[in-house]
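Pasting the structures in now, so scroll down.
Two complexes are shown next, each including chain A; its partner changes from chain B in the first to chain C in the second.
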Partner chain A sequence: MANAYAEYETKLPKSIMEEVKQHAAGATDAKLKKILAAVYIEYQRALVDPGEAVGNVAAESIGEPGTQMTLDTFHFAGVSEMNVTMGLPRLIEVLDARKTIGTAMMEVYLLPPYNAGQDIKKIAEKIKETSFREYILEFHIDVLEANMTIKLDKTKMDMVDATPDKLIKVLLKGLKGFEFTAIGTDTIVAKSAAKDEQLKDIYHLKEKIKDVYVNGVKGIKMVLPVKRGEEFLIVTAGTNLKKILAIEGVDTTRTTTNNIYEVEELLGIEAARQSIINEMNKVLDNQGIDIDVRHIMLASDTMSMSGHMLGISRYGIVKEKPSVLARASFETPLKHIFNAAITGEEDHLNSVIENVMLNQPVPLGTGLPRIVVRHFPKKVVKKAKAEVEA
Partner chain B sequence: MADIFLDYKFIGTVKDPREFVGNVIGERRQGKLAADLNILYDEDVDAIYLETAKGRSVRPLIVVKNGKPLLTDEHIRQLDVGQIQWADLLKQGLVEFLDSAEEEMALVALEEGDLSPEHTHMEISSLDIIGVTTALVPFGNFNQGVRLTQGSKNQKQAVGFYASNYFMRMDMDVNLLHYAQKPVVTTLMYDVLEYDKHPSGMNVTVAIMSYKGYNMEDAIVVNGGSIDRGLARSTYYRPVEAEELRYSGGLMDEITIPDKDVRGYRSEHDYRLIEPDGLISVESRVAEGDVVIGKTSPPRFLSGTDEYNLATNYRRESSMSLKHGERGVVDFVMLTENEEGNKLVQVRLRDNRIPEIGDKFTSRHGQKGVIALIVSEPDMPFTASGIVPDLLFSPHGVPSRMTVSHLIELVGGKVGALGGRYIDGTMFNSEPERDMREELRTYGFRENGAETMYNGQTGEEFHVQIFVGNMYYLRLKHMVANKVHSRARGPIQLLTRQPTEGKAKEGGLRLGEMEKDTFVAHGASLLLKERFDSDKTIIPVCENCGLVAVYDARRNIAHCPVCQDSEVSQIEMSYAFKLLLDELKSLTVYPRLKLKGKY
Partner chain C sequence: MPKKTPKKRSEAEEKPNFVVSDHVLVPKHEVCTEAEKKEVFDQYKVQPHQLPRITASDPAIRHLGVKVGDVIRITRKSDTAGEAVFYRIVSSE
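Entry: the complex of A and B
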């Protein structure tokens, strides 16, 4: 039994072997050999031929269904301001490897017992970035004294166990040149430390103080606890993978972000590669479009093979093309031609588009194989002929 | 205090604007003010606008007071017998014209049943909310709005009897339908327009069924027998025109048979039909390339010494001939003089257009389609009573488009044809479908319009009953004869040496960027190269400097003018690339071709 498998262990990929083992569990040795031989032939047939234009086929396979996609944005149920970029715009965003994306989002998975819903609101609140703005009830500026009285939101403070003194510490860290004094349990008085023009400072402070970061994870603009199946998780608007993963109770193996650059920075290029595939699949599933993963994988591989993220654009992978003519034929031809002229670049005409331009056979498919003719000296040929005649 | 403007000029103010407006309208209705004076009180800016200017579109409405139209049945009776005229209705204030501004103050009821005390006006007919061509669609109120728009758009392209003096006219690009008919299913608008004097369609028998897949995707299958009997036959007229222009220096064109020494002389064969006066005789058959009007022009750009130069003194050939793919018969020749007093020749060509595969047809419901198959009459399906339809329309064209009127017209047409009468399909006011179905039953047909039909080829009965009836179909002016085009060899552009573009220039069909990708995807490398060989050239290239060299045909050697004594190789490339290299040189970029053995 085992012998039959052993022969194909190196010839067939693991997943296929597993499948055969599962389906042909009760087969006899002779039968198994036949099965494996047949599987091997099928497998060989499924392989891509040498010289196949895989990139072109992948581009067409992704591009054609792209024309049928709707330009709708997906509206998050229950949250009015949360529109998620989906469909074609999102696909373009992923493939272009944009640094700033339409809707940065995270899905924060939690470890037990939190994933059953325990303290979910509290964790969510803790993750969310809060600024001082949210603690303010009202301002009162005293023009004569040149100071500002800030009335604080008591209920909000109680939720995170904050006191005026604690908040003053935070304010001192974020703002320079001001003095704060706490009055009672819900009031702070601010005064400028400057010598003159104190009142002007106070007016500036009124705006500046609102944006002082207090607590939570920077970059997480909104949080939404969601129940998916039996499990509770937190969906966020805005991302900060590094800080979120550091929080206790977060499932570090499943928590994701849709910001591919953050993934690359924290988890490396391989993770980013997978992230591109996931993000593209998310869009395509949502639109009900079926594209073979291998096309998407090829796109993802191309984008990540240099070791860092490159978009499929003139600043990304096209810039990396070795051929001047190929680059010039894509976008901004003059820029490429002039730069090539300055550096004296050579084009070896090794790729498709250059050969189309020159009306030469493209080095793909039937244009790839070459006949190598060995040039014999005349004497050798004569000698060979003589031998044949003799 | 409201400001008053007369034709946008300030003329004064008034204390009670509403009373003022009421007075103006009242006086107008009494005939004291002009009928085309309109008034608007704009509450927001507290201003009254009076308008008397020309060029506003106004429309008539029946005046309503206290929920009752002022125009009564008695008035209509009097109109009928001719006791009163339209002008009398206006004078009595029963009917008035509103412009778009005054409409803002009106509440208009569509029909009498809708009237309430708030209403100020009522439509003369509910059809008034629809445009002229749209009102030609029978039973249109059963349709989705889009289909009405499309239906009326299509009707404008119909071939018909466009003018009864067509024989005297020299219209450009017109079609004339031979056996135009008045529709059996009509609407009020057909009477208003006197459509029977210029009809543009034919009543045909239509079966809604598929035919071997030949009528899928909006295609239609037509009975060849019907075509032989003259169904939708039309004539296409095209004039050719030439003028004897006068040039400076007393030179002028001459309409004649060009002499053989004229520059650009075609061939004797091309001039065979024209007579010494340069005109062609009526009823001669002409085809592609044949000269219709022979003409020569004086040489161009005459200057200075050229006048005495014999070589430049040849006249130019400038005859009018038929373009690629054209044919016809000379219908009419006219010799006259134009406004400038120049001799003017107009020749009208006629071409008989028998419906063929690819010609476009439509019903009046936005259901257009092209002929995909012409079936000989014996092969057409026939009904139990032996009726052979003229046209087969695919059932798949109906559900998604929801053109209910198309189906109702089919029943209506059937009833009209059997009963020998016209059916009124005016929107909102049509003959009820139920009555028509009931009538159909009295003629011995199934009330739903379906009939048992038989396969024309095998004689077998179809398993389902087929919906057959009569409809009004229009032939549209888009005919393949004007559009077919193909080429294998032909003219090329001067600059790029690539084939020209477009039918008029006998151009090629471009294999574009995306089509190129499909060749690459198939790995059909050499096939792709062959496709792009249209501008292939052999260019001598200097092996030393890599620039394009010069070929000296007299000495049969190529040499590089830069390097003089260097090796030159013949290199095959697309001319467009050679052009790119030239353009790079103009940008002061030195594109150097480094040559090496291919293998």
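Entry: the complex of A and C
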């Protein structure tokens, strides 16, 4: 029984093998062989023919349902909620392999016991980039003394185990020319170290001090603990995969970001390829559009071909094309033709578009195979030679 | 003294506390032997420059100690085929 399977193990994909195994569980050895042979023929028949214009098919298959998508970013009026880039703008962003994306987000998975909800707020608070403004309850500026009393938010401080002394250390790092003294557990007094115009400095300080970075992961603007299924995870606005993965308690096997470049840099080109597929699927699912994953895989494979992520744009994969005419036919034709003329570039007319331009058969489908014809059969040549000699 | 601090930091950053190959997005990467390499070229009837590329500094293969010209076998999890084998050739940049 196992022998019959072994023969086709390398010939058929795993998913088809499993399907056969499931459906033909009770079959005898001889029957199984027949089944597998029939499946193999059917599989061969289903394969794409050499020379098929798969790129065109993919472009049409993604493009047509794409017209049904939301054309603009959603704005949630009034609520201080995030404006999430979705629909067509997001799709374009992914396919262009943009470095800066509209809504950078991360899904931070946690290891047990944190994923059951334990201390989730504390972890979320630790991850979030915090500036000093969030610790301030109120300012009080004493004009006569030329100092400023800052009342601190005690509950906020307890969340990250901060004390006025710790905060002062951070403030001294971020601001030059001021002296800070802690009073009690929730007050800091600031005084300018300059000799004159101390009051002016203090007023400046009042604004500057708000933006001093205190703790958390740089780039993480917002955190939102959510429950998905049975476990808790943290969704963030802003990304910094590298720093997040270094935090204890974070599940380093599942935490992801929607910034493809960060994925490429940290996890490699293959991970970035998968990430593009995931991101596109996310958009398409969201919009209720059904596109065969093969088309998306093709786009993603093409983008990752060179070992780096290249967008489907004139700066990305189009730039990599060897043909001058193919590049010129996409965007900015004059630029490409001028440059090619200056450097004396050659075009070997190996691809489709340049042959269309020159009114020649394209290497696609039946145009791909070439037939080499020997004008005179060997016999004829021999005969002619003999005649000449005679 | 002040010169030492940035050095220490970069060392700590170079050694991340996570394993790249454990991540769900990262498929299995293996280096092909010379015989396997030839088999790949024969099977697909391709020249080395026609294979998709992967940089030698790619995080997923950095620890494998590869050199330029090696062929990497990547076993992906596929939505359509269950498991799909893909090949990339190591390039310098």
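The definition used in the following text is that the second predicted complex is superposed on the first by the 338 of 390 C-alpha atoms of A that agree within 3 Å, B and C clash if a C-alpha of one lies under 4 Å from a C-alpha of the other, contacts with A are read in each partner's own complex, and residues count from 1 in each chain.
In this text, a contact is a pair of C-beta atoms (placed from the backbone, for glycine too) under 8 Å apart; a residue touches a chain by one contact, two chains touch by 3 or more.
Here the structure is a predicted model, which means the values were calculated and not measured.
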First, second, both or neither for A:A341, with chain B first and chain C second: first
Chain B versus chain C as contact partner of A:T155, first or second or both or neither: neither
Partner chain(s) touched by A:Q22 [first = chain B, second = chain C, both, neither]: neither
Partner chain(s) touched by A:T252 [first = chain B, second = chain C, both, neither]: second
Touched partner set for A:Q274, first chain B, second chain C, both or neither: second
Which of chain B and chain C A:N3 touches, first, second, both or neither: neither
Partner chain in contact with A:T100 - chain B first, chain C second, else both or neither: neither
Partner chain in contact with A:T67 - chain B first, chain C second, else both or neither: neither
Parts of chain A lying in touch with chain B, wherever the complex brings them together: 49, 51-53, 56-57, 59-60, 334, 337-338, 340-341, 346, 352, 356-368, 370-373
List of chain C residues in touch with chain A within their complex: 13, 16-20, 22-27, 29, 52-55, 58-61, 74, 76, 78-84, 88, 91, 93
Contact footprint of chain C on chain A as seen in their complex: 13-18, 242, 245-246, 252-254, 256, 263, 265-271, 274-275, 278, 293-294, 297, 301, 304-308
In the complex with chain A, residue positions of chain B that touch it: 516-518, 520-526, 528-529, 532-533, 535-536, 572-574, 576-577, 580, 584, 587, 589-590, 594, 599
